[in-house]
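In the two assemblies presented below, chain A is common to both, partnered first by chain B and then by chain C.
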Partner chain A sequence: MAIFLQLIASGVAVGMIYAAIAFGYQLTFATSKTLNFGQGEALALGALFGLTLVPIVGYWLMIPLVLVFGFALGAVVERLGVRPAVKIKSEYGWIMATIALGIIFRNVAENIWGRDDLKFPSPLPEAAIQVGDTRILPMELLIVAGALLMMLAVEIFNRKSIWGKAVVATSNDIDAAGLMGINTQKVITLSYSISAMTAAFAGVLVAPVTLTGATMGAVLALKAFAVAIIGGLESGLGVIVGGLILGVAETLTGFYISTGYKDVPGLILLLVVLSIRPVGLFGKAVIKKV
Partner chain B sequence: MAQSTLAPAATPAAAPRLGRHVGLLGAVLLVVFLAAFPHVVTSSYYIHLLVVIAIYAILILGLDIVVGYTGQVSLGHAGLFGIGAYSAAVLFLHFKLGLWSGLIAGTAVTSVFGLLLAVPALRVTGPYLAMVTLAFGTIIQIFINELTPLTNGPLGITLPPARVLDFSLIGMSSPWGAAGRKLEFYYLVCAALLLTIVVVNRVVRSPFGRAFEALRDSPIACDCMGVSVYRYKVYAFVISAALAGLAGALFAWSERYVAPNSYGFELTVLFLLAVTMGGRKSRAGPLIGSAIIVMMPNILADIELVRMMAGAIALAALVVGVRAFLRRQENRYAILVPVVLCVLFLPATLALQSVTDFRLTVFGLMILFVVYYLPDGIVGFLRDKIPALRPAHTAEGRVLTAQGAALVAQRGGADADPLLKIESVLMQFGGLKALAGVDIAVRPGTIHGLIGPNGSGKSTMMNVLTGIYIPTGGSVTLARDGGMQRLNGRTPSEIASAGVARTFQNVQLFREMTALENVLVGLHHTFKGTIVDAIFGTPRRRREEREARVRAVAILDFMGLGGLAQVEARNLPYGKQRLLEIARALALDPVLLLLDEPAAGLTAPDIADLTAIIRKIRDAGITVILIEHHMDVVMGLCDRVSVLDFGHKIAEGGAREIQKDPKVIEAYLGSPVSDQEPAHA
Partner chain C sequence: MITLKRRVLLGALVCTTFAAFPAYAADPIKIGVTGPYTGGSSAMGVSMRDAARLAAAEINTAGGVLGRPLLLVERDDEAKNEVGAQVAQELINKEKVAATIGFINTGVALAAQRFYQEAEIPVFNNVATGTIITNQFKEPDYDANYVFRNSAYDVLQAGMMVDEALARNFKKIALLADSTNYGQLGREDIEKYLATKGVKPVVVEKFNIKDVDMTAQLLKAQQAGADVILAYGIGPELAQIANGMAKLGWKVPMITSWPSSMQSFLDIAGANGNGVMMPQTFIEDQTLPKRKSFLENYYKTYGVSKIPTPVAGAQGYDSVYLLAAAIKQAGSTDGAKIRAALENLNERVEGVVTTYEKPFTAKDHNAITRNMVVFGKVQDGKIVYAKEEDAKNAGVVRVKEKSAN
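Right, the complex of A and B next:
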């Protein structure tokens, strides 16, 4: 039982990372019906950039700089990869373009930071805290708190600020929002920026417990897509539930079967959910109009 | 028929005919090139390079079926390739089975996995499918890595040199000596490539290929033509997977080593780059694309060559850019960014000692370039510039004169029993009752009008009748072969096959297909041939194709579209598109034809033609249900009219009665007498 609780505790931390990335998918999908296939690279670049900054400015000051970096990165992806494709109404176009940008980012990162995985310094003591029978790493608490805080901040921004309201309006009906004088193009760019910012932040959060490298994001992003599907791509905080389910399922698989298979439940879940209920567990079925 | 004299029996233009010869010429050149290559270039390095190009080309030709023809993005093809390779290698590792068993097993096992991959593809498309296939590829890689007892895990499997022909079995020695034996594998791969080209060519030009394109352009219309989207997506994925498996097995025996990491994400993206860059929906495109992705790493390894190429690209870009600005071309600012990037490429290569490490960056840039500036690939670009290279759309059975009947007469006329019975049909969306228990009986051989104000449930009724919506309650039955067939609860393609055809309010043509091909999709039910017939081009297949084409042209003539048979649907004027939809629906040989606002957007003379056509359809015994807002059309044509309002049937009767019915007048204009408000103009 103690082991089981232990596994759940670490599963929760990983799950929150998935939730944060999935949250980023939702943001761009809501505004533009597109998403960044290079989200994993945004995460990896955020972590690597943070790794370079930590010795210079220290851990806590590094975070806002990484956020700015992620914000800019998202805008670049939107401008280069998404906007031209959406203009020519090519779904294949933005899928391939965001994949291409992801590959480029990964390759450039490999050339700058090398191909080996690097250790990310932990800002908190690495000794575990004992809660009952369960040992929890302080870093895991930071991950949960950080991811929740990030999502909360974006939600508050969406609900309270005028730009956030523009994001919500564009998500509901992009044509009507455009007719009401909202620059929907800018809103889409903004959603990409926030999305990549979330991913970059997630990268910094997760880096101390995993390792940092150019390829660290690829599988994370794919599994986060599974979480986004489970939670519903359209909206909602179902991603948190989805993230927790997946995170726990993964640590359990890793422990009881083999760590080699720990990515499998997420991917199978993705295949199964999309084969059976594409709108996700929390999504509503859409009536197609003919 | 009046139309048939008006419509010119369009002779195929010179260009398509030439296009046919270009294809043939290309095939001959390819055969000669492949046959002669090892005798001209004896370096085994280059022969091996060509083998890899050919193997990749086999896979990419298969990928083109999924990407180009059915329009789905698959990121799982590297996984399928890996399954093919591992099937062959594992057979050798555990059972010492050689090349031929490997090829068969690779193709068969991978086909089964293609079937698995098709399951999610039935439910989702676009980015969802991309992610699903990516997940599939990743899972395959994990399993190859982890199932060590079967696959030897991360160590991989080493294979001996492939023995293509075993002469010792018949007690002979090789007739072409030891030197010739080395080329056996090369020629085997060449034969496989040529075979693949022939098979893919035949499949995409068969009803199967047309179904693939139809489900890409409009899945809903495809289903409503009796062509099951589900079934043909499965076909596309299985054929594509089989070719990927064949390529994989060949690859295993060509490299003589398989390892889990060779079949990852990068390879999948390279395949997609090849198919897009070469050009979709062509045979030459995948060959060109394959050559590019295989040669590129070799070219990048030679820094001098890269610098020279970068110089050439920079120069070309500079010329294009300067010319655009001197001539003040409209797009001069749009092309500024790529021009600058191309020019900057040169100093970048000069600064670097080696670009090999930036291989993926180069590939990424190539993808971006192709997506934005060469969306139809190299072949598409050439076809656009040189008309002679365009494909001959009517390549087979070029019959363009009208023969035979356009319409198949149906049992119609004096029968008193209704053909279609709609009984208390209820359609509920959440709290909204779009149809609240509607009863309508449609008599055979009549034109039955369905009118009502906007939002009254007319289109919902159409969708219920054709199976796009499953009604919440009630029943729909069709009189067929003496009995009554239930329609509710069946799929659109089953209902279409039962003899119910429809058109759409917002035109749903197969946009990238010609008018003739659109009608041929409607005639899909006349093809009884299987995929085997398509692959081998059997006499049955050729006869069916010939007959269908004759029928299709007759139908086009009947609709007055005879001269436009070879025009792509997206290039037709709007009015003609609506007529083409009716032509396609007629091809289904329906007993019941549902027309959803056929006159919308038509000019007055066109409407007159349309009414004449609808009468002729009725006279052939085909029952018509007509939704229309042009009241003169409705009143002039319909034998009986049902009026819907807010999901209820408020009136039914002859056109005259309906016009006088106070409830109908109220529904359209509001209540006339009791209303105290002054009327506003």
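Right, the complex of A and C next:
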């Protein structure tokens, strides 16, 4: 039993890492039905930028600066990669463009910070704490708390602020929102900014556990993508549940079956969800009118 | 800032090389240097390259080889097999190198060295450890083997790791290896050697490059009652294992393949890495005059207090000297003649790893034998001798065993 709980605890920690990254996919998809395929690079840039700032301004002051950085980065991605494609009603242009921007960002990061995996300073003690029979790193708790807090903040922003309401309106019906006088173009830019901001924040959040480097986002963003699909691309709650399912499935399979097959159940689940419920576990089924 | 420094350094090097040219009447002898200077294994590649530059500069200051200066043609293979193959063709066909040194990654070596074999140009592995590397073009299938090596190959390391575990009376061995060619070939070597000793590991587990969480692997080892962990992988993931053990509050000795001496391991594992042991051909100590001058020169030239990966640096440095000696003996830059000279090297080559006396024969293309390799141990961010007797004998040069030929 102790082992089972330990596996669950580690799985939850890993799952929340995926969820924190996947959350960003959901934000832009809601408003513009497009995704930033460079999300992994936004994550890495955020973490590396944070790593550079920590010695200068300290850990806690670094976070708001990284948020600003992510916000600006998202706006750039939207302006350069997504808007031109959406304008000409291209169905695929933004896919190529965001991937291309991601590659450019990664190369820039490699030139500035090198391609080694770097250690990110942990703001909390690195010794594990004992809860019952389970041992957890304080940093893992911070990841869970930080990710939940981040999602909560975005949710409150959407519900309470006027800008957030515009985001929700645009998500529900972009044409109607436009007719009501909402500048949907700006809303889409905003959603990209918030999306990249969450990615950059997720970057500094997970970096003490995952190591920091230009390629840190490659594997994580792919897993997060699977999480977003399992949970549903339009649901914040779905992302959390999807992340937890994938994370726990990985550690349990690793222990009870084989570490060589660790990634298999998550991928099977992905296929099952896609074939039975393509919109994801928590997604809203929409009928596309042509 | 760093890039600026590097550029200045590079500029200075280029200038000195060019400034030295008028002193020679003849064209330089081109030596290819291939390795990953960017990417996950760049710490090894850069250490190797930087040390090779030092050796070449020393040789050129002393008059070069055959009255001609050595010119290193450096190419980044990015640790990618296909890039390595391209680099090999470029060095052979365009740059027309006399020989090439390098290869950090076993996969790259295997993909690229067949071009050298076909072109009959010696290629000198100074870091890659895959056992198969020097056997790829072995007699009798091939008339002559153009692949040489001065690193501790995997079978040798695997044997050392197992013997160390058994000598310390560990009965339950947990074997963890990464899922790359490197890790899985190493795992095979360890399992084979364990089988000859009649021991079966209690668990054999895999992990992926960039894996974040090692809980499942470590819990399995713990449940199986493992009293030692043998791990085959590279720096960052080996560090995640050390950190994972600390997280679980479970500590058993850890013996790994040599990359736990990488800077990334030391940085990421921090205090959790203390006590981890790994086979090393070179430890940064200044016991011998040759080592002392090499280390001082390296630190001074590159403005560091430690070689990022000392083993790669030392082996890279030695490989240039070995090659230079062979070219001198061959009296020409003809590939076949250099190969013949390497296989029967008359000169005693004093390197920093060891003093090479007849390092190669026609059948044996590995310069390093088991007696030259010691166990290093992580201690507060540095690699030190793991055993007292090795530390005491640090000043004794361990030469190649006769029986090995």
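One rule holds for everything that comes next: the second predicted complex is superposed on the first by the 262 of 290 C-alpha atoms of A that agree within 3 Å, B and C clash if a C-alpha of one lies under 4 Å from a C-alpha of the other, contacts with A are read in each partner's own complex, and residues count from 1 in each chain.
One rule holds for everything that comes next: a residue touches a chain if its C-beta (ideal position, glycine included) is under 8 Å from a C-beta of that chain, and two chains touch if they have at least 3 such contacts.
Every value quoted in this text rests on a predicted model; they were computed, and no experiment measured them.
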{"item": "Chain B versus chain C as contact partner of A:84, first or second or both or neither", "value": "first"}
{"item": "Partner chain in contact with A:106 - chain B first, chain C second, else both or neither", "value": "first"}
{"item": "Which superposed partner A:219 touches (first chain B, second chain C, both, neither)", "value": "both"}
{"item": "First (chain B), second (chain C), both or neither touched by A:260", "value": "both"}
{"item": "First (chain B), second (chain C), both or neither touched by A:135", "value": "second"}
{"item": "Overlap of the chain B and chain C footprints on chain A, listed as residue numbers", "value": "110-111, 218-219, 258, 260, 263"}
{"item": "Residue numbers on chain A that touch chain B, as the complex places them", "value": "34-35, 37, 80-81, 84-85, 88, 90-93, 95-97, 99-104, 106-108, 110-111, 218-219, 222, 225-226, 229, 258, 260-261, 263-264, 267-268, 270-271, 274-276, 278, 287-288, 290"}
{"item": "Of chain A, residues touching chain C in the complex", "value": "3, 6-7, 10, 13-14, 17, 110-111, 114-119, 126-128, 130, 135-137, 209-211, 215-216, 218-220, 250-255, 258-260, 262-263"}
{"item": "Residue numbers on chain C that touch chain A, as the complex places them", "value": "3, 38-40, 42-43, 179, 205-208, 210, 212-213, 215-217, 219-220, 223, 235-236, 240, 246-249, 263-264, 267-268, 270"}
{"item": "Residue ranges of chain B touching chain A (in the complex, touch as defined)", "value": "67, 71, 73, 119-120, 122-124, 126-128, 130-132, 134-136, 138-139, 142, 145-146, 220, 265-266, 269, 272, 276, 357-361, 363-365, 367-368, 371-372, 375, 429, 459, 462-463, 468, 504-506, 508"}
